[in-house]
Amino acid sequence: MTDDLRIGVIGVGIMGADHAERLARRTARARLVAVADPDEVRAKELATRWDGVRSGADALELIAADDVDAVVIASPGFVHEEQVLACLAAGKPVLCEKPLTMDSESSLRLVRAEREVGRRLVQVGFMRRFDPEYAQVRSVLAGGSLGRTLLLHNVHRNASVPSTDFRSEMIVRDSLVHEVDVARFLFGEEVVAIQVMSPAPTSHAAEGVVDPQVAIFTMAGGGLVTNEVFVNSQVRYEVRCEAVAERGSLVIGRPSTGLYSTSVAVGGGRWGGSVPADYRTRFATAYDIEVQAWVDSALGGEAVGASTWDGYAATAVSTAGMASLASGERVDVHLVSPDTLS
Amino acid sequence: MTDDLRIGVIGVGIMGADHAERLARRTARARLVAVADPDEVRAKELATRWDGVRSGADALELIAADDVDAVVIASPGFVHEEQVLACLAAGKPVLCEKPLTMDSESSLRLVRAEREVGRRLVQVGFMRRFDPEYAQVRSVLAGGSLGRTLLLHNVHRNASVPSTDFRSEMIVRDSLVHEVDVARFLFGEEVVAIQVMSPAPTSHAAEGVVDPQVAIFTMAGGGLVTNEVFVNSQVRYEVRCEAVAERGSLVIGRPSTGLYSTSVAVGGGRWGGSVPADYRTRFATAYDIEVQAWVDSALGGEAVGASTWDGYAATAVSTAGMASLASGERVDVHLVSPDTLS
Amino acid sequence: MTDDLRIGVIGVGIMGADHAERLARRTARARLVAVADPDEVRAKELATRWDGVRSGADALELIAADDVDAVVIASPGFVHEEQVLACLAAGKPVLCEKPLTMDSESSLRLVRAEREVGRRLVQVGFMRRFDPEYAQVRSVLAGGSLGRTLLLHNVHRNASVPSTDFRSEMIVRDSLVHEVDVARFLFGEEVVAIQVMSPAPTSHAAEGVVDPQVAIFTMAGGGLVTNEVFVNSQVRYEVRCEAVAERGSLVIGRPSTGLYSTSVAVGGGRWGGSVPADYRTRFATAYDIEVQAWVDSALGGEAVGASTWDGYAATAVSTAGMASLASGERVDVHLVSPDTLS
Amino acid sequence: MTDDLRIGVIGVGIMGADHAERLARRTARARLVAVADPDEVRAKELATRWDGVRSGADALELIAADDVDAVVIASPGFVHEEQVLACLAAGKPVLCEKPLTMDSESSLRLVRAEREVGRRLVQVGFMRRFDPEYAQVRSVLAGGSLGRTLLLHNVHRNASVPSTDFRSEMIVRDSLVHEVDVARFLFGEEVVAIQVMSPAPTSHAAEGVVDPQVAIFTMAGGGLVTNEVFVNSQVRYEVRCEAVAERGSLVIGRPSTGLYSTSVAVGGGRWGGSVPADYRTRFATAYDIEVQAWVDSALGGEAVGASTWDGYAATAVSTAGMASLASGERVDVHLVSPDTLS
């Protein structure tokens, strides 16, 4: 039996703490050894939950440490570039939460840097690719029994967002970006254009915030994707997808399909179930599978999940989306040719 | 007990024959007395199904007949204007199948003509308004418990259309027009702009036909409506609607909601049900309720259902939609001011 | 066109008033002409809702009237025998609400009396046979594609019953009897034995009332039927059925199947729909179809629906069920041989 | 960080191999060190899948080994008693697959033996207690918001069983025993009586085999449980449960609830999804959670899952069930008083 993978986690916010707990308690062949965060107190607090886990303030120190075989990055997006580059320099596998970086230029630099290393070391945390429902849709569509994929209809709703310091662009960059990856994953094609439309906003959105938003993606092969993103829906967390192909369609995430709801209750004149509270409950299984797959991969398996290219492409579409949100016009997405990378 | 309403049916195609059967066999206080169609043989054939029903070739003669109290028009759209005008002139209630007429100018003439009569005599056959599912969505949204309506997502699929003599515009005019009326009905507002997008077509569409189509409506209050219309889906008849409001959403017509499927079967490794065969099965109840409501209304009740104005507005949006289909651009819808009508 | 069927309704309680309204307003080729009830004031009150409907106290006078072609009996069960016999004597078609009579001997007398007339004049109001969901289950099972039917699982719940004057036997006689007819209808076989079990009662049942009850039917071919009847469920009206055959099963009436719920709503952290309020909402369509089918049949069509034999058999099973409720033991059902009837 | 739990697996059939894979690849803080099976070749074959796992023929040797901290027993039921006793003697935590033993006397001996050790060392493999759906039903019922539990309706179907060497009693002992544990788990009460009924068998059952079977449990508090067990359903694997309480009911495992099906597909005139292939797919998550919980518990947590008493009680009900299957009569279940154990 091989040794466990010794892992350091950077960032101890909600996502980082979640990953640390997952690595310490629910992931096979993983050994959490260190956490790092500029907020040293919080990092220490987290580390003391388990025996033998140390904490520190310095992410680069953690990456360089001899007893750290692999790294999970859950820090804010603007420090991802530096940290991922450090992992690449150290030749250590890294699971980097989305977004890969804050703009497509820096993401592209990571694509190039990894190419220079000569092998895949980076997995971007688009966890939906590991969700059993999305994986099944992908499998059916890729299997070809329904013919070519024609359309996707995505819905993405959060109960609410903070009323201060929230800007319309964040809906595109932080929420819609998941739908971008879903579209690329399910079609197996790039997004070539995006149009973000601004309906009359809900009264629950802060002054000036465009919420909900409707975005249309055009895929390289001519397919279209409609997306609703609504972050003040007042209804917990809903993520749905309908894929329409030439000979049939597939639906996931709707009330009374699949993982959406565990049981159906009847009482007080109503029937139904509860809506998942947030992304951690809805995608709990996806995260567990993602992290286990990453550990297995780092211990000698094939690279899995979203690559730096996927991270770069998603960031490029988000960037175009933010321009479209501002102008109301359809904006083309420009990616470098993959041929220029070698 | 009042006397029955004596009714003549114009047009003996699928829809006309369906209505005649409904009036003769399933509608209370209705008495089918005459059918008319230029194809006299077919009209006669239909009339002989029941005792005491006469047939003829001349629609206007039927409208004028002393023993005809009210008229159902199920003839092709291009003769609707003349026939509805004749009903108005005769002061007889008329249920006119959609579209009201082929262009918004002629529809507007009917609006004006009815105003001159001074009371509502025309009901346009947008049967979905009488469907228990759509009626419930309308009732919940109008009730206000969910706050303002923000978005609609409509899906409209037919298994297939004839491969000859079918043009992309017919998807807008004959199919999408139902979604136009649904949007106006559920929002209680006019459609002010429409954009029709052309995805890469299914290989099951005839050469040159844009199918599926994605259309976006902008409502007067700023709400948005996404529509998929797909007439060669290879999967029977699917009509769905999701309404999104400020505090919740409503879904109808999805597999395992409401009237979509009668039972759930488990067998051979699969579970599920059958998809409605066509619009007559899916909307059988809606048509029955619509026609009964029209008869009740003609016998002295309140006017119900879609008005000439609704027919005019729907035609105007369709017309703009056909322009948008051609240009790919968003096209504004121009309606006359209701104030100019009196 | 033939003349309408002129109909008298006996009994103006909830069911009778419902049928009168249905005949007057929603049934084609029917003409309500008279209502009769010992409570003359109430009968008069009902009759004045429509023009041309007279009222009276005497059921037999109504049956005998020259202008009454056919009769609907919605009076209490203990007067059914006399009234049905009067209809048979007058040669008039009759739709008699269930139960046919209060005991199997009197029901058998009606079977024999109808045989003497020589043709079917009586339809017993087991409306579920006309419910689209039950009809579909019957159709699939009878079609044979799933092989022989092995088991049924029925659930029958009412929100509550009056806390006074309610006895455990009424659950068997008034509620379970519907499941008896369903079992006979779906299996196409007689029930040969019944065992009624008494779980610890809900605290919402009146002192001494056995509620819920679990009943097991044994069918002539050896199939078994499990039944839950629960009349103080505190949850509106739920009627479900699962049929299990050799190669698959069918489910109706479960949340998110078929007619159970019209739309699915999402809001306030929950998703789901409303449960039908009572039997009149759940079986509204079944009643409409039943009454229209009866009118069509009386105007010259084939006899349809449950026969006097079906009414007799159901009563015989109920009677055995009440004995089983008392003893806790399985009780065999004894029917006369159909051969002895001619 | 504490050391991993070093685990030996006894039995390398389907279940044992599954557990070994789970421990080696998907369970945190677990280290598979040894497998044992009388079929040494097969044991060796399995062990070579991973580095550092040895194999042997002798279960007792494995239990005694110094580097084995805890044991999973997946051997045939008739050797469980000896193996569990050896674990108890060695003071090692053991996860023993159901049934605990083949008869209630031997199960009771294990209960007593564990009491003598003075702490819980044995977890019986009733994995449904860890299934998110069953756990949720338990949680809601135990929470009390619906009042007292009145009834359960369970359905348990397998596609087919081997046509040779299969006896009716195996349905009670191997399949129905899961429903026994579910009933005890959800009611929080003992089963005091069982009646097993024999419907006319499916033509897909071998000659003389009673399949399906309908079993009724009476709970200590008077609640009733109806169970269908059907092991030649020709439809893959279906496990359902409906719990009925005083103010509402809960449903799991029905088509279009919860984990039953991942996506809903529409195509070829049908909508629906696939039925889980077998217990390993349906309860994959339950097994993963069960084994992780057992490992966590063995590393110092609270004992979890079904106890020896639960195993003893389930075996006692099965034994009574086999007597009832033979006689057709209701058979009381006799358990020793827990007071006699100390």
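Just so it is clear, A, B, C and D label the chains in written order, and each chain counts residues from 1 on its own.
The definition used in the following text is that a residue touches a chain if its C-beta (ideal position, glycine included) is under 8 Å from a C-beta of that chain, and two chains touch if they have at least 3 such contacts.
By chain, UniProt protein names: A, B, C, D = Inositol 2-dehydrogenase.
Note that the structure is a prediction, hence the values are computed from the model and not measured.
What's the overlap between the neighbours of chain A and those of chain B?
Chains that touch both chain A and chain B, as defined above, are C, D.
Among the chains, which one keeps its Cα centre farthest from the Cα centre of chain B?
In terms of C-alpha centroids, the chain at the greatest distance from chain B is D.
Just the number, please: Cα centre separation of chain A and chain D in whole Å.
Inter-chain centre distance comes to 37 Å.
Compute the distance, rounded to whole Å, between the mean C-alpha positions of chain C and chain D.
Going by mean C-alpha positions, chain C sits 43 Å from chain D.
In whole angstrom, how far does the Cα centroid of chain A sit from the Cα centroid of chain C?
Centres of chain A and chain C (C-alpha means) sit 56 Å apart.
Chain C: which residues touch two or more other chains?
Those would be 234-235, 247-249, 251, 254-257, 261, 264, 266-268, 273.
Report the topology of the inter-chain touch graph, choosing from line, ring, star, complete and other.
Graph shape here is complete: every pair of chains touches.
Given the complex with chain D, which residues does chain B contribute to the contact?
Interface residues on the chain B side: 234-236, 238, 255-256, 260-261, 264, 266-275, 277.
Report the residues of chain B in contact with chain A in the complex, numbered from low to high.
So the residues of chain B touching chain A come out as 147-148, 150-151, 153, 155, 197, 199-200, 202-204, 212, 214, 216, 221-224, 226, 228, 230, 233-235, 242, 244, 246-249, 251, 254-257.
Taking the touch rule as given, give the residues of chain C at its contact with chain B in the complex, in rising order.
1-2, 24-32, 50-53, 132-133, 136-137, 140, 146, 247-252, 254, 256-259, 261-268, 273, 285, 292, 296
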